[in-house]
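Next, two complexes with chain A in common: one pairs it with chain B, the other with chain C.
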Partner chain A sequence: MLRKPPIIILLCVSVIPTSAGVLAALWSGLDPAALTRVLATPGVGLSIASSIWSGVIATGVSLLLAHLAVALAASGGWRARLNGFALPLLAMPHLAMGIGLALLLAPSGVLLRAVSPWATGFDLPPDWLIVQDPAALSLILGLILKETCFLIMALMAALAQVPSAELQLQARALGYGPLKAWLAVTAPLLQRQIRLPLAAVLVFGIGNVELAIPLGPGLPPTFSVMLWHWFTNPDPLINAQAYAGTVLLLLATTTTLAFMAAANTLLTRLLRRTAESGRRRSHDGFARGVARSVLIVGWSTGILAIAAILLRSAAGPWRFPALLPGGDWLSRWLDVLPVAGSVAATTIGLAVATALCGLLLVLPAAERCRRDRRTRAIVGAWLFVPLLVPQMTFLFGMQVLLVRLHLDGRIVAVLWSHLIFALPYLWGLLAPARATIDPRYQSVAATLGATPLRTWFTVTAPLLARSTLLAFALAFSVSVALYLPTLFAGAGRFATAATEAAASAGSGNLRLASVHGLLLAVLPLTVFALAYTTNSLLFRNRRGIPR
Partner chain B sequence: MLAGQRTGRLLRVLAASVVLLPQVAAADIDEWETVVAEARGQTVYFNAWGGELAINRYIGWAAEQLRTKYDVELRHVKVTDIAEAVSRIKAENAAGRGRGGSVDLLWINGENFASLQRAGLLYGPWVHSTPNATLIDWQGNPTTLSDGSMATGGFEMPWGTAALTLFYDSQQVTQPLDDPTALLQWIEAHPGRFSYPQPPAFLGTAFLKQLLLVLVEDTDRLQRPVGDDFAQVTQPLWSWLDRAHPSLWRRGRLFPLSGPAQRDLLAVGELDWMLSFNPSEADRAIGQGDLHETIGALHFAAGALANSHFLAIPYNSSATAGARVAANFLLSPAAQARKANEQFWGDPTVLDTDKLSATQRRLFDVLPSGAATPPTPERFLAEPHPSWTTRLEQAWLERYVR
Partner chain C sequence: MSALRLDGVTLDIDGKVLFQPLSFSVEPGNVTSVVGPSGSGKSSLLAYLCGILPKEIQGRGAVYAGDKQLTDLATERRALGLLFQDSLLFPHLSVGGNLLFGLRAKQSRAARRQRVNEALASVGLEGFADRDPATLSGGQKSRVALLRVLLAEPRALLLDEPFSALDDDSRARVRSLVFAEAQRLGLPTLLVTHDMEDVAAAGGDVIELRHPQDKQGI
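Showing the complex of A and B:
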C-alpha cells in the first residue's frame, strides 16, 4: 500500500489537515479558565443535553425507518426504485431542509395556512412553540428526514455484500412475515456493515449547526450553535470559551459514540434473539401499512419543505391565513436575480472544482487497489475520519493553523476543506465500482496490444462512466451544502449559497434565507438530473454499459 | 520591532482620544490626490452585516461606482454579526500578522469599536484627512463624536445616524402607545403579539437600553460606568420585563433572532410589532412590497435611543488607501442621499445639509417620505456607558435562559 503514490497522496490530502486540526483545537482548547467559564454559562448543561438528545433520538429513529424502508422495498419489489425516492431528499442540503421545514411547520407556515381558517378557525396564527421548540422535536424531525435517506443509501450499498434475496426467501419459506424476516435475518448482517455511516449520522446530529440554526431550540440553543455564537464574539475571553467548548463537544460526542457502539452491538444481538423465539409474525400487513404511511408522510414533508421555500422566496407581505402570497411574483424574482447570480457562480465554481479535484485524486487510487479489498476498506475508513469528528472541533483548529500559514481566505484553503468532506463519498462510490469491473476486459485489450493508458480510456472509462458521473454529482452536492468549512477556511470571503443562507437564517430573516435556500436545493438536484441524462445520452448506442 | 509599532499605535490612540472635539481642518488636497492614486487597482474587503437585501444592494451600487470612478474594487464580505470580523482581526493579530490582514474596511459601532480601539487594532486617525468628513454634522449630532461613551477620535467615520423606532400594525394597535406603561398594558391585553429581538442581538439589547433610559429616574447614572448598584439601578427594567414576558410571543420562551427576523414575523402576521434603528425602514419595506401598508410608527415620548454607525479600517489592512477612498465616496452627498432614500435604504444622513451646495442639498430635498415614517423624535437619548451593555446582556441571559 505504501508503494502506491496515488493512495498515499489521497490519504495525505484528507488525514493531515484533519489530524492537525484536531490537535490544534485540543491545543488551544485545553484552557482550564475558559472551561470553567463555559461550564458557568447560563443554560450550558441544558444546551449540551439537547445536542446529545437530538442526535441520539434522530439517529435511532432514522436507523429504524431506513431498515423499514429497505425491508418494504425489498419485499414489495421496488428495491430498484428506492434510491430514486431517497435521492431528492438526500441531495437537498441540510440547511435548505431546515429552512424549508421552518417555513412549512411554523404556526404561520404553509401547512396551517392550507387548513385555515375554514378548518381551524384561526384568523391569526396560533402562538404555538412548535418550530425551535425546547424539546428539539422539530430539529429531530429535520435530522430524521435527511439521515433516513443517507442510511437508506448506506444500507443499499451494504446490501450488495449480503445474499439478502436468498436469505429472505429462506426465512419466508420458514413462514416468517416480510418484516420479521428482514429484522431477524438480514438486518443484523447489514448492521455490522453500516457502522461508520451510522456513527457519522450521530456525530452530525450532535454537532451540526445547519439544521440547529433554523430548527433548534432558542433559549438555550444547542451546544454547537452556542459555540458558533461564541466564536464570532469580539471578546477574546469568549473566543477562548469557543475553543474550550469544542473540546467539550468532542468529549460529549466520543462518549455518546461509545454508548451507541455498545447499544448497536446489543441491538444486533437482540434482533438475532428475536429469531430464537420462533414467532413468525407472518401476518404483518398492519405493521407494514403503518411503516409505509410513516415513510410516505415523512417523504412528502421533505418534498413540501422545498415547495415552502419556493413560496416564501417569492412572497412579500404574506399575511396569515392566505395560502398563496399575493403581489407580483415575477418582479420579486427578477429583483433578487443579480444577487443570487453571483452567489450561484461562486457556489457552482467551487463545487465543480471540488468534484474534479476529488475525481483526479480518487480515480487513480481506486485503480491501484481494484484487486485489494483490504486496502480499499482501510483507505475508506481513513477517509471517513473527518465525518466522525465534530466539524466544529477540527475546523476551529484548522482555522488557527490556516491563519498561521497565511492561507485563510485563499481559494486553495476552501477547496481543500471541501475536498476533505467530498473524498469519503467519492471513494465509497468509485472504489467498489472500479473493483467490480471484470478484469478480463483489460486482459483482452492488453492482448490486442493496447497500452495500459489506452486500455483505461477506451475500456475502463466507459464502464466507469455512470459511477463517475454520479460521483461527480455527489461531490458537487457535498460541496454546495458545506457551510462551516466555507466560513472558516474562507475567512468569510466566499459567498456561497450555504454561507448566505446560513447568515440570513442565523439572523432569522427567512425571506432572504429562502432565496438562497432555493438555490441550495435546486443546484444539487439539477446536477444529479444532468448526471443521469448525460450518461444515457453518452452511451445510448451501446449495450452492456451500465446506465 | 512589532512591539515598538504596537506601543506607538497605542500612544497615538491615547493621544487621539484626549482630543474630544476633532479639528475639522480642510483636507490637504495634494495629499488626498496621492491617496486616490495609491488606491487605484486596490481590492477592498468591506466586512459589513449582510442580513438585509436592500443594504446589500446599496453596497453593490457603491462598489460599481467605485470601480468606474476610482478603479477601486469594493468586495462586500457579508457577515452575520460584525463581531465575526472583529474576532478575525484579533486572531490575525494573535498570529502576528501585522500586514495583509483579511479585512480592509468594517461597518462597526459600540462595543465592537471599543474592543478594537482598546486593543490598538485600528488604523488611524484617518477620518479628518478625508475630504467629505468636513460635511459631517459634528456639532449638531454628538453621536458622531462619541460612540457609546467612547471618543471616535478619527479612527471611525460616521456613516449614518439612527433612532430606535417602534413599528406596529395599525389594524391591531389602535391607540398611540408611546410610553412603557401603555405598551405593557397592550401586551397584557394581546398575549402572543409582541416580542423583541433576543439579546445580545443588536436591536434586542437596544430595546433593553431604551426601556432602561425611560424607566430609570436618574439617567445621568447610566452615563457613568456600571458599578455595584447594577441590580438596584436596573430594577425597574426587570420588573417591566418580568410582567411582559408571560404575554410575549411564544410566552417569552423564544425570541426573533434579529430585526429582519421580527419584520418577517410581522409580514406573515405572527407579530404586530417590530423594532428598527432606521425610522424609514417600514416605508422602504412597504415600497418594496415586503410589508403591508397598514404599518404605523412611533418613538417613546420620553425620547428615542440614538446612535451612529461608522466605518473603520483595521491596522493590518493592506489596502488602506482604497479603504479611505471608499469611505470618502460613501460619505459623499450623492452616496448619502441615495442611502437616505427609502427606495434604496432609507438610513438618515450624517451630513449637515447646511454645509452643502444648493445642487447637493436638492438631492436631499427631493427624497420621498412615506406615512410609516415617524416625525423626528422629541429627544435623542444617548447610549448608556458601554459597560452597561455587557452587564445587561449577561443579566438578561441569566434571568431568562432556563
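Showing the complex of A and C:
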C-alpha cells in the first residue's frame, strides 16, 4: 500500500490536516483558566446534556426507521425505488432542512396557515414554542429526517455484501413474518457493516450547528451553538473559551460513542435472542402499516419543508393566515438576484472545484487498489475519520494552524477543507465501482495492443462514467452543504449559500435565510437531477452496462 | 507467419510448481491442444504467455515468435491474440466499435469502417456494426470476439476454452470457423481445453499438463 503514490497522496490530503487540527485544538484548548470559565458559564451543563440528548435520540430513531424502510421496501418489492425516495431529502443540505422545518412548523408557519383560521380559529399566530423548544424535539425531528435517509443509503450499500434476498426468503419459508424475518436475520448482519456511518450520524447529531441554529433550543442553546457564538465573539477571552469548549465537546462525543458501541453490541445480542425465541410474528400487517405511515408522514414533512422554503423566499410581508404569499413573486426573486447571484457563483465554483479535485485524487487511488479489498477498506476507514470527530474540534484546530501558516482566508484552504469532507463519499462510491469492473476487459485490451493509458481512457473510464457522474453530484452536494469549514478555513471571507443562510438564520431573519436556503436546496437537487438524466442518456443503447 | 515456441515454461504459486517445464513449438497453421484437469494451470499458462498473470502466480521460461523473444515485452507489444471463454466484448462500444478497437491497420476512417464491415460479412454478420453487443447470441458474440482478435494482426492465436460456454449447435460451427481462419492466416494456435471433441477437431499435437508429483500422469 505504501509503495503506491496515488493512495499515499489521497490519505495525506485527508489525514494530515485532520490529525494536525485535532492536535492543535487540544494544544490551544487545554487552558485551565478558559476551561474554568467554560464550566462556570450558566447553563453549560444543560447545554451539553441537550446536545447529547438530541444526538442520541435522533440516532436511535433514525436507525430504527432506516431499518424499517429497507425492510418494507425489500419485502414489498420496491427496493429499487427506495433510493429515489431518499435522494431528495439526502441531497438537501442540513441547513436548508433546518430552515425549511422552522418555516413549516413555526406558529406562523405553513402548516398552521394551512388549517387556519377555518379549523383552528386562529387569526394571529399562537404563542407556542414549537420550533426551538427546550426539549430539542424539533431539532431531533430535523436530524431524524436527514439521518434516516443517510442510514437508508448506508444500509442499501451494505445490502450488496449480504445475501439478503435468500436469507429473507428462507426465513419467510420457515413461517416468519417479513418484519420479524428482517430484524432477526438480515438486520444483525447489516448492523455490523454500518458501524462507521452510524457513528458519523451520532457525532454529527451531537456536534452540528446546521440544524441546531434554526431548530435547536434557545436558552441555553446546544453546546456547539454556544461554542459557535463564542468563536464569532471578538473578545479574545471568550474566544479562548471556544477553544477550551471544543475539547469538552470532543470528550462528550467520544464518551457517547463508547456508550453507543456498547449499546450496539447489546442490540445485536437482543436481536439474536429474538431470533432464538421462535415466535413467528407472521401477522405483522398492523405493525407494517404503522411503520409505513410513520415513514410517509416523515418523508412528506421533509418535502413540505422544501416547499416552505420556496413559499417564504417568494413572500415579502406575509399576513398570518394566508397560505400563499400575495403580490408579485417574480419581482421579489428578481430583487434578491444580484446578491444571490454572486453567492451562487461562489458556492458553485467551490463545489465544482471540490468535486473535480476529489475525482482527480480518488480515481487514480481506486485504480491502484482495484484488486485489493483489504486496502480499499483501510483507505475507506482513514478517509472516514473526519466524519467521526466533531467538526468544530478539528476545524478550530485547523484554523489555528492556518492562521500560523498565513493561509486562512485563502481559496486553497477552503477548497482543502471541503475536500476532507467530500473524499469519504467519493471513495465509498468509486472504489467499489472500480473494483467491480471485470479485470479481463483490461487484459483483452492489452492483448489487442492497447497501452495501459489508452486502455484506461477507452475502456475503464467509459465503464466508470456513470458512477463518476453520481460521485461528482455527491461531492458537489457535500461541498454546497458545508458551513463550518467554509466559515473557519475561509476566515469569514467566503460568502456561500451555507454561510449566508446560517448567518441570517442565526440572527433570526428567516426571510433572508429562506432565499439562501432555497439556493442551498436547489443546487444539489439540480446537480443530482442532471447527473441522473445524463446517466440515462449515456449508453442508452447498451444493455451490457450495469445501471 | 513464424512458429510459436515455448522454452522451459513453468508456473508456481507460493513456491509450489504447477507443472513441469514445457518446451515445444507450434508451426504456422497448426493447432496444438493443451489438456489437464482444472487447477492444473492451463489458463494461467496462456496468461503467462500474454503477460497478464495475476501477482500470486510466478512464471518462468521464454516465449518466442520465430526468433523474437516475447517474454520481456509488455502485453500490448507481444501481439498474441487471446480468446477467453466469455467473449468479453466491451459493453460500452457497438459491435463495430469493438472491432475498430481491435483493428490495427492505420487507414482512413472510412477505410477502417469498410474493413470492419467486410470482416463482419465474412462470418455471416453483415450489417451488425451498429448493434449493441449485449443483444447478440452466444455464437454471434464469439464470432465478433474472434474477428476482434484477428483484426489486431496477432503473431499467434491463444484459445482459452473459447467454445465451452456455447450450446452444442453453435460450438461446432464456431470451432470450425476459428480453426479455418487460423489455417488461412497461417497462425500458430494454442488451444487450452478439457473437451476431447475440441482436441479431436484441432487435429494437432496434444500436450498434457501434469503435476510434477504424479509420475504416471492422470
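Everything below uses one rule, namely that the second predicted complex is superposed on the first by the 546 of 547 C-alpha atoms of A that agree within 3 Å, B and C clash if a C-alpha of one lies under 4 Å from a C-alpha of the other, contacts with A are read in each partner's own complex, and residues count from 1 in each chain.
One rule holds for everything that comes next: a contact is a pair of C-beta atoms (placed from the backbone, for glycine too) under 8 Å apart; a residue touches a chain by one contact, two chains touch by 3 or more.
What you are looking at is a predicted structure, and each value in this text was computed from that prediction instead of being measured.
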item: Superposed partners chain B and chain C on chain A - clash or fit; value: fit
item: Which of chain B and chain C A:L525 touches, first, second, both or neither; value: neither
item: Once both complexes are placed on the shared chain, angle at chain A toward chain B and chain C, C-alpha, multiple of 10 degrees; value: 140
item: Partner chain in contact with A:A157 - chain B first, chain C second, else both or neither; value: neither
item: Which superposed partner A:V339 touches (first chain B, second chain C, both, neither); value: first
item: Which superposed partner A:P125 touches (first chain B, second chain C, both, neither); value: first
item: Touch count on chain A, higher of chain B and chain C; value: B
item: Chain B versus chain C as contact partner of A:R440, first or second or both or neither; value: second
item: A:G492 touches, of chain B and chain C: first, second, both or neither?; value: first
item: Partner chain in contact with A:N541 - chain B first, chain C second, else both or neither; value: second
item: Distance in angstrom between the closest Cα atoms of chain C and chain B, superposition on A; value: 49
item: Residues of chain A contacting chain B in one complex and chain C in the other; value: none
item: Touching residues (chain side chain A, partner chain C) in the complex; value: 371, 438, 440-441, 443-452, 458-459, 462-463, 465, 539, 541-545
item: Interface residues, chain C side, partner chain A - complex; value: 47, 50-52, 55, 74-82, 84, 86, 88-92, 94, 101-102, 104, 132-135, 148-149, 152, 154
item: Residues of chain B touching chain A in the complex; value: 45, 47, 50-53, 56-57, 60, 75, 77-81, 83-88, 90-92, 95, 97, 100, 102, 111-112, 115-116, 191-193, 198, 201, 249-251, 253-258, 260-265, 267-270, 288-292, 397-398, 400-402
item: Complex contact set, residues of chain A against chain B; value: 42-43, 46, 106-108, 124-125, 127, 129, 132, 134, 217-220, 231-236, 239, 316-320, 327-328, 332, 335-336, 338-339, 399-400, 403-404, 406, 408-409, 491-493, 495, 499-500, 502-504, 506-512
